[in-house]
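Below are structures written as structure tokens.
Consider the two complexes below, in which chain A is the common component and chain B and chain C are the respective partners.
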Partner chain A sequence: MRNAIAIARKELSIYFTTPTAYAVFCGMTFIAGMMFLAALGYFQRMSMQFLSFQQPQLLDHLNLTDMVVYPLLRNIGVIFLFMTPFLSMRLVADEKRSRTFELLMTSPIRPFEIMLGKYLAALGLMAVAVGLLALFPLIVSFFGSAGTMMNSGGGSPIEWSTVISGLVGLFLVGAAMMAVGMFVSSLTESVVVSALVTFVILLVVWILNWQAGRLEGTARDVLDYLSMPTHLDAFAKGAPALKDLVYFLSFMILGPFFTERAIEAHRWA
Partner chain B sequence: MNSKTFGQVLGAVGIAIVLSSPILLLFGAAGTNFVLWQAIIGILLAGAYVAMDPGQVGRMLSGKGTFFAATAGGLGLVLVAVVAVANYLGAAKFPKTWDLTKNKIFTLAPDTAKTLHNLTQEVHAVAFYTPTDRDYGSVKDLLERYKDAGGTKFSYEFDDPDKSPGKVRRFNIKKDSGPALVVTMGKQQDKVQSVSEEGLTNAIVKISHGGEKKIYFTSGHGEVDIKDTGAHGYSQVVKALENEGIQSDTINLLDVKEIPHDAEAVIVAGPQKKLLDPEVKMLTDYLKVGGHVVVELDPQVDSGLDGLLKDYGIQANNDEIIDPLSRLAGTNLDVPVIGQYAEHAITKDFNEATLFPQTRSLTALSEPDVSRPVALATTNPSAWGETDFAQLAQGRASPEGMVRGSLAVAIAASKTLPAGRADDRSNETRLVVFGDSNFPNNRWGSVGPGNQDLFMNTVSWMAGDTDRITIRPRSRDASHLTMSQQQMTLVQFFSIDVLPVTLLAVGIAIWRVRRSK
Partner chain C sequence: MIEVRNLTKRYRDLVAIDQVSFDVAPGEILGFLGRNGAGKTTTMRILTGFLPATSGTAKVAGFDVFEQPLEVKRRVGYLPEQPPLYVDMTVYAYLKFVASIKGVPSAKMKSEMERVANLTAIGAVMDRVIANLSKGYRQRVGLAQALLNDPEVLILDEPTVGLDPIQVREFRDLIKSLAGKHTVVLSTHILSEITATCQRVLIIRQGKVVACDDLAGLAKKHQDGTHELSLEEIFVKLAEN
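Up next is the complex of A and B:
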């Protein structure tokens, strides 16, 4: 375990002393910021419209969690889809390219520890990403207020329990994507191939439910289930189910397992 | 090319084909048969490779990596299987959801949970929704919650109305009136009026409390024939009632001493002759002990029931409704299109248009003791009650001197009876009067979008349990945003400028610093 933590620290220090992670996070926050402003603008337009219609009962239905934070968190899933391949691509492939892999393999560190260290670093990276994104709900809670415009109430302007559930969901999406990316990265020496293949796999998993509409019955349910947005949605709206957790954990078990096998395979090749 | 190279190419093509098959199948680029054949060809090609160069394959299998690959692959397969089973169990067997919202908006109300818990038979819901329908997601979520709470007692399916015409017919769904949700239990079924937790739970209550119920149509005065399958018959609506667990029969009031005790309601559907005094008295007595009666009148016919109706605050006017706006809806002047309904158990959440061909108008009298007459359905304000039948017969009508405005075509009256009287049929007398007997018949019942439903709702109210469960839809507490232009600019500046640019600056700085070292 100590070895794994040492590797994780090394990996994280590489991420944060090279520009890659910063560039990716910069892109992520910029696009998320655009989405955030769009959602905020939409909310304000709706408020103004309801107010000018003189229909105060409609104002009761306006809610910052539902109309700003929930769509934002769901959409950020798509940013993750584009972002994680760039973060995961170098995890193992880079070691091979820079010929440090042989060094690692001849050290007394077990492949399991190598894998664990790298995955922990990946999880740390996703935690930072989610932490950055949590700034947007914070902004909402800073400027928003509870109750309607006509009738301000007490309490928090956004439902933190739902928002935290959504952020946890985003973290799990990132963790699942990183698990796929790490495995792909362990199969190749080229970071470009690693990123590209990871992206294609994640894209397929992401859009599986687009196909679900054409099907009926069990086939549609299965495709819906296999698709990642279905499960992110459950977390984002604040009602995650056991199955959603099991779904993400499946990636987080299978990805590292196959990565470990792939690293181990080098001893035998 | 020697045979060895050729074999390797074949093998590569074969493996590529086999591996791509499941993806093709998943994305539906080709039919199942096509993909199956493709996979078979792939396996054959791979087999050909093995056959052409058995030595190479043998060397591969005996290599030191093979043992590792086999154990890793085997272990991997086992793990994949375990994970698949865990997912299946999580999805199908252990439906646990944590509702983290403050107002528990994703949790079913206690009444719903109780209803599902008390079910004795399986309820199956059929949703005629396609994924392109706006509410598909929320309806699926709702049904999923019922399934999780109901366990083996509740199941559902989604059907595309275009792909399952048989089901559309069986459940009597109108394609044009949009998506529909039907609940079934054994032979009984009911269409959910408003698709919400309240609507669905009440539909389940209705069919599970059902049992066979019976209504009687009077005969002997030229009333509508319930078995007639022609344009003027009621065969279709009677069939639809049967699907909801309500049997229909005819009764000649002169042949019986009193209304049968199994009658949930008596329907007088368009008598063309006057009812005789003993018949009227029988209906009057029946109503007094909590009977339920539906009367459908037609213009220019004296049914002999005017006195009875007046006792319950309902007056049938001797006229025929003409509405010039009907032309816009594509029907004749004497077929008013009805779109306004009262807040009443029969017309709650009812929003389909109904057509009333040749109907007379009804008036709710102002002070009937306690019978609360409610005008269920009213015409457009542009309509009038034409009383000059001679002119009308020549195809002419004018509103001059006629009663003009929103005229009632259906009125419901009810009267709660004192508790504890042994002879009472129910605890509430109910009377619904329509100014027309054609609206639910085989012809108009299929032309008017809501015609059949209005009749069915009326009979349901007559036969049904009065207690509707009320479930208030839950939502998150309201919140709002009041930002000045300045604050908005600040947020804008932070979101798409300060935050990303800071990250970028740090990245570049680190990169430059490290390079210069």
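Up next is the complex of A and C:
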């Protein structure tokens, strides 16, 4: 475990002393900010419209969690789709390219510890990403008001249980994507190939359910289950089921498992 | 200390090393010679557990490199041909990382890093980022990394590449000071280095061992009448295809 933590610390120190993490996180928060403003603008227009109907009780059907935070978290899944390949691409591939792989493989550490250290670093990055994104609901909760005219009784303008469930869902999406990315990275020496292949795989997994509409019965259910947005949606709505958690956990177990195999394979060929 | 028996490595059709056998006694310094592509790096990679052999066995300190890799890796310090450096890190952070994966206890971390930094004279660049160092300094950081945790066996692949003449001399003194306590396998193309530091020489040609003897024995074997050949003449004679 000590070795894994040493590797995780090394990975994170490289991410945060080079521009990589900053560039990716800046891009992420910028795009998320645009999405956030768009969702807020829509919310504002709807509120104005309902007011002009002179039916203020309709306003009770509007709330910030469902109309701003929920679509925002769902859309951020798409940002993750573009962002994670850039974060995961160098995990193992860069070690091979810069020959430091030789150092790791001739040090008294197990391939499992190398993999674990790298995945822990990847999870750390995703935790930072989700932490940054949590700022948006925080902003809403500061400036929003809980009730409208009918029930301005107070309470938080944000339904925190739903939002936290959504943020956990985003973290799991990121963790699953990093698991795929780390495995792809362990198969190549080229970071470009690593990022590209990861992106293609993730995109396919993301849009699998586009085909579901044409199908019926079991085939439709299977495609729906296999595609990632289905499960992010369940978390973002605040009602994740066990199957949603199992879906993400299977990525988080299989990705590292195959990565460990790929690293171990170097000892054999 | 090192026992190599009938070691063979094939890359598809290419035979990199072929039935190589040799021993290195504890405390001995072995010079490893051969032309480019003769199989030096491959042999060293197998000895350090980085590559598996196609057939044959290699043991370090009694442990098989394939069956008990962790035991071997704990005892071996390795400087590959291209020093394995994380160029985005500072020398200090890099050595600290290597020390921790080599199992240096946290209490001894600082003194151990100071010790190798002094041996390789890199104290002045500890806080610099490795990407900004000259080739000679990078080579020395690579050497410092190999010396961490005081391994019994050192395997050095062309360690003096990029060093200036004064550093080369310091490096020789360093290697000589290791003799007795450490077993060293050292590959180089600079023959004067071998005569200055090594007790025994192993020469391979196209993956096969052509000579493995001490310097005096080698000279005697290749006497040309009354005239004794220099190591360079012997090398040319043996290593030329």
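Simple rule for what comes next: the second predicted complex is superposed on the first by the 266 of 269 C-alpha atoms of A that agree within 3 Å, B and C clash if a C-alpha of one lies under 4 Å from a C-alpha of the other, contacts with A are read in each partner's own complex, and residues count from 1 in each chain.
We take it that a contact is a pair of C-beta atoms (placed from the backbone, for glycine too) under 8 Å apart; a residue touches a chain by one contact, two chains touch by 3 or more.
Keep in mind the model is a prediction, meaning the values are calculated, not measured.
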Partner chain(s) touched by A:T188 [first = chain B, second = chain C, both, neither]: neither
Touching partner for A:T17 - first (chain B), second (chain C), both, neither: both
First, second, both or neither for A:N3, with chain B first and chain C second: second
Partner chain in contact with A:W268 - chain B first, chain C second, else both or neither: both
Touching partner for A:S88 - first (chain B), second (chain C), both, neither: neither
Partner chain(s) touched by A:T198 [first = chain B, second = chain C, both, neither]: neither
More chain A residues in contact - chain B or chain C: B
Touched partner set for A:A241, first chain B, second chain C, both or neither: first
Contacts of A:I158 with chain B and chain C, given as first, second, both or neither: first
Chain A residues contacted in one complex by chain B, in the other by chain C: 17-18, 268-269
Interfacial residue positions of chain C with respect to chain A in the complex: 45, 48-50, 52, 66, 69-70, 73-74, 76, 78, 80, 82, 84-89, 93, 97-98, 100-103, 145
Complex contact set, residues of chain A against chain B: 16-19, 21-23, 25-27, 29-30, 33-34, 36-37, 40, 43-44, 47, 59-66, 132, 135-136, 139-140, 143-149, 152-153, 155, 157-159, 161-162, 164-165, 204, 208, 211-217, 220, 223, 225, 237-243, 245-247, 250, 253-254, 257-258, 261, 264-265, 268-269
Residues of chain A touching chain C in the complex: 2-3, 6-7, 9-10, 13-14, 17-18, 98-110, 266-269
Interface residues, chain B side, partner chain A - complex: 23, 26-28, 64-65, 67-69, 72, 75-76, 79-80, 83, 86-87, 89-91, 94-102, 106, 130-132, 157-160, 163, 475-483, 487-488, 491-492, 494-496, 499-501, 503-504, 506-508, 510-511, 514
